[in-house]
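Here it is, the structure in full.
Chains here go by letter, A, B and C, matching the order in which they are written, and residues are numbered from 1 within each.
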Amino acid sequence: MTAAVTSASHPLAKSAGSPLRFYAIWLIGIAALIILPLLFSSGGSLTSFSLIGIAIVFALSYNILLGQTGLLSFGHAVHYGLGGFAACHMMNAVVAHGWPIPLPFIPLFGGLGGLAFAMLLGWVMTKRAGTVFAMISLGIGELVASSSLILRSVFGGEAGITTDRTALPRMFGWTFGPQLQVYYLIAFWLVLSAIAMYALTRTPLGRISNAVRDNPERVQFIGYDPHVVRYLAYCFAGFFAGIAGGLAAISFEIANSAYLGAIQSGLVLFSTFIGGTAYFFGPILGAILVTYLQLGLTSLTSVWQLYFGIIFIGIVMFSPGGIAGLLMMHRPLIRAGTLGMVIPSYLLAVVPTAALACGVILTIETVARYSGGDAINLFGVAFNPQSPVTWAVAAVLVVGGFLVARLTWQRIAEAWDRAATVARDRGYLA
Amino acid sequence: MTAAIEVRAVEKRFGNVGVIRDLNLSVNRGERHAIIGPNGAGKSTTFNLISGHIRPTSGEVRLNGDVISGLRPFEINRRGLSRSFQVTNVFARMTVWENVRCAVLWATGHRYAFWKNVDSLPEVRQRTAEILDDIHLTHRRDVPAGLLTYAEQRELEIGVTIASGATVVMLDEPTAGMSNAETERAVALIRRLTEGRTLVIVEHDMSVVFGLADRISVLVYGHIIASGTPEEIRRDPKVREAYLGEEAH
Amino acid sequence: MLELIVISTLNGVLFGMLLFLLSSGLTVIFSMMGVLNFAHASFYMLGAFFGFQLTKWVGFWPALLLAPLLVGAIGMAVERYGLRNTHKHGHVAELLLTFGLAFAIEEIVSMIWGKTPLDYRVPALLDFPAFTIFSTNYPAYKLFMLAVSVTIFVVLLIVLKRTRVGLIVQAALTHPHMVGHLGHNVGRVFMVVFGVGSALAGLAGVIAGPALVTQSDMAAALGPILFVVIVFGGLGSLPGAFIASLVIGLVQTFAVALNGSLASAFGPLDPAAGPSVLTDIWNVTIAQVAPIVPYLLLVLVLIVRPVGLMGTRES
């Protein structure tokens, strides 16, 4: 998806991708979505793909705020959750009243649920940007999450609201009972939402959102009210988050207060930021990675959330552009043909960095399992968390790994400088 | 004919400190008007007061006869007044092309549109290209503004300011920090781009001021002590004492 | 009724002072460095857990001194090795760093001490009723908490008014952009301020631990309220933070103590109408609403006065 970058990014005139390549990338993505379940057809992987699809829509909606408009929200799950509840209530109402609305239209009502709340409170919330907006979004998030437990008739209290997706009118004869059909429904909405959100970045509003992100003060002197821009962006983000929530409600056939909560809000922030906010495809990468890790790590370790925290802190400190930013950094080098200059230093850094990572993992697992946990199985090697040998190995890996790795990181930086200088001379880097 | 900008008895206090006192200024339509004065005289504050960046404590500002004091910056901008900043103040992560295009969008009526593809708006594209051509940055169109050289950023700043087609353009020290050659280029650019518009300019470089301005106002301690043609200002004893005298040291 | 008012006022002021112990540090750090430290409540939690652990090892009174010092040291390390390196990426990156840190600290704490509440007891020396009012025994420990909070408050006031660092902090509060121009040792001043702010949060944790619940989710529970306090009071305003702390402390304490609902005031709704949002609102007690009261106040103040009670700054 190299052409699918936001305005912010690529430096040079000759780098603009041809329209042909642009459509090819989208078509490849769509084709992959269609083919995936044919390659991995087990129930488990279908569920995983469904979750990832939902997470992608959610993360892309979050990036309308963070990446496009520069609004850091700690309460985005509010729209996701309200979308989920709206979808559940709609599904139950369709069944109860016998309305002729088939299941594939339900996510739209989820979106409207998210949009309605955004329109209602967004105006007050987006009066201010930056840190204040972040705090307000946190407060509103807590407000809605706590209120959902009080308003039992709407939110169903602790238990939530359940529904039955197969009871709705059929479309093309699909019952949407099997997970495969749900997967395709999610994939359909994923493609639709992704295209819509990408298109949004290419509209006058999308571009002015970028301007508001970069410099809200100056925007006022080219005729725009940054408050209105933030509000509109907030509404769009709420709408697409609602669609993601609606898809989740269909997938799980339930909506409960966990949908709205701080953990959900934190996860979407993690996904988006780890993936990278400066490129349209960043949040897609992030959502895939975080959901995949979430599913994979929970069975391996009880402290998987700590690993998320550490990865997130690492990204914030060392690569604020996220994974997408790291990847795209290499584009000018590839074009200039100087990528070869940095590869050796990467290879050199792999071993000590991996040793450091293993040391950190071993340390964490030792602490986590010290009082009565299982043995640690690190890539096939067993460690007893109570044995001093384990502690010594962990210490050596952490300290030694760090010292050696730091040297190799410096080499990477030097190699980078050289490669970038050459690329600049050849005119591929501004 | 009403004046393009009419400032009447404007006062601005920050706490107990009066920065601007009894400011009166009249800028005729179509003229190039320079505001000069020693450091700390309140030139930038005057710009901020007129453009709506800050509100006057008392007094009023009129644009083409309508009161604009108290309006917000974007409302004033929509009425045809555009300004630049002393410190370059563009959209750093966006390309040169995007910077100028954003500044064109409101005036071409596309406003907050979210149903139009911004790349297929012919009049926007044409106007953006013209302005890039005018400010000689066409060859840098896809470079993020933050990566431009200083002089290029200053030119972009001017481009963004005039892009909306405002009838009144206010430039805050557009040549500050430029070399002589760059300054010459910038002055030629300003002269050409403000043809047929009203220009208000704050400038320290006296050769620029006397070369460019039709009329000059001298601001000292938040008060206009003289307004007139360059010849009148040169001869004014008050000005010589308060300001030009200092320059001679 | 009078009993309820007196006791709730005492508890409310106590909770408010505790909030101020936290919000003052947060405010000063924000004013000087432009960073809203999301992990501030996590330092409070660390204080409680360190207090618990050190009390077990060396007793409460040494712990009262050591735990805040330890938390302060961690805070200084965070500033030195984390925030200072992230500064170049802007305030959003800094806020995100502290957000990630808050998340990681919660996970580490629950990894080491578990997710269940700890048995963190009031020290024996203070485990007696200070006085009996009406029929309620008011514990001495709570008076002790109040005394510590007030003492810190007074010390802070003196430091702010009388010392050189205090002057720098005050300058930062009124002219945040000028801090960068103070010249020498700004880095060290930041580190010390961050460390002291964290240590104060840690101290709040040590003394609050035995009275409230010491549990790995206590930071997540208190953090949002803390942010409400400083937005409500006006970002960067110490007097605002003080007033907001007391207001929220009192309002929430009173709300918890009140059992009334609309139904008890105006009688039950017609049962024939069936359950609806209206019946939910009609029947909910004030005590049940207590957790959302701070957030309702936040929305209210945003509508009425977006810069907060005493705020002057736009962002």
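Note that a contact is a pair of C-beta atoms (placed from the backbone, for glycine too) under 8 Å apart; a residue touches a chain by one contact, two chains touch by 3 or more.
This structure is a prediction, so every number in the text was calculated from the model and none was measured.
Under the contact definition, chain A and chain B share no contacting chain. Averaging Cα atoms per chain gives one point for each, and the point farthest from that of chain A is the centre of B.
Chain geometry summary: the mean Cα position of chain A and that of chain B are 43 Å apart.
Taking the mean of the C-alpha atoms as each chain's centre, chain B and chain C sit 47 Å apart. Chain C has its Cα centroid 31 Å from the Cα centroid of chain A.
For chain B, no residue reaches two or more other chains under the stated contact definition. In chain C, no residue reaches two or more other chains under the touch definition. Residues 7-13, 15-16, 199-200, 202-208, 210-211, 213-215, 217-225, 228-229, 232, 236, 278, 430 of chain A are the ones that touch chain B when the two sit in their complex.
Residue ranges of chain C in contact with chain A, taken from their complex: 30, 36, 82, 85-86, 89, 91-93, 95-97, 99-101, 103-104, 107-108, 111-112, 220, 224, 227-228, 230-231, 235, 275-277, 279-281, 284, 288-289, 291-292, 294-296, 298-299, 302-303, 306, 314-315. Per the touch definition, chain A reaches chain C in the complex via residues 70, 72, 74, 121, 124-125, 127-132, 134-136, 138-140, 142-143, 146-147, 150-154, 262, 266, 269, 273, 303, 305-306, 308-310, 312-313, 316-317, 320, 364, 367-368.
Within the complex, the chain B residues that touch chain A are 51-52, 72-74, 77-78, 82-83, 85, 89-95, 98, 101-103, 105-107, 110-119, 121, 141-144, 147, 160-161, 163-164.
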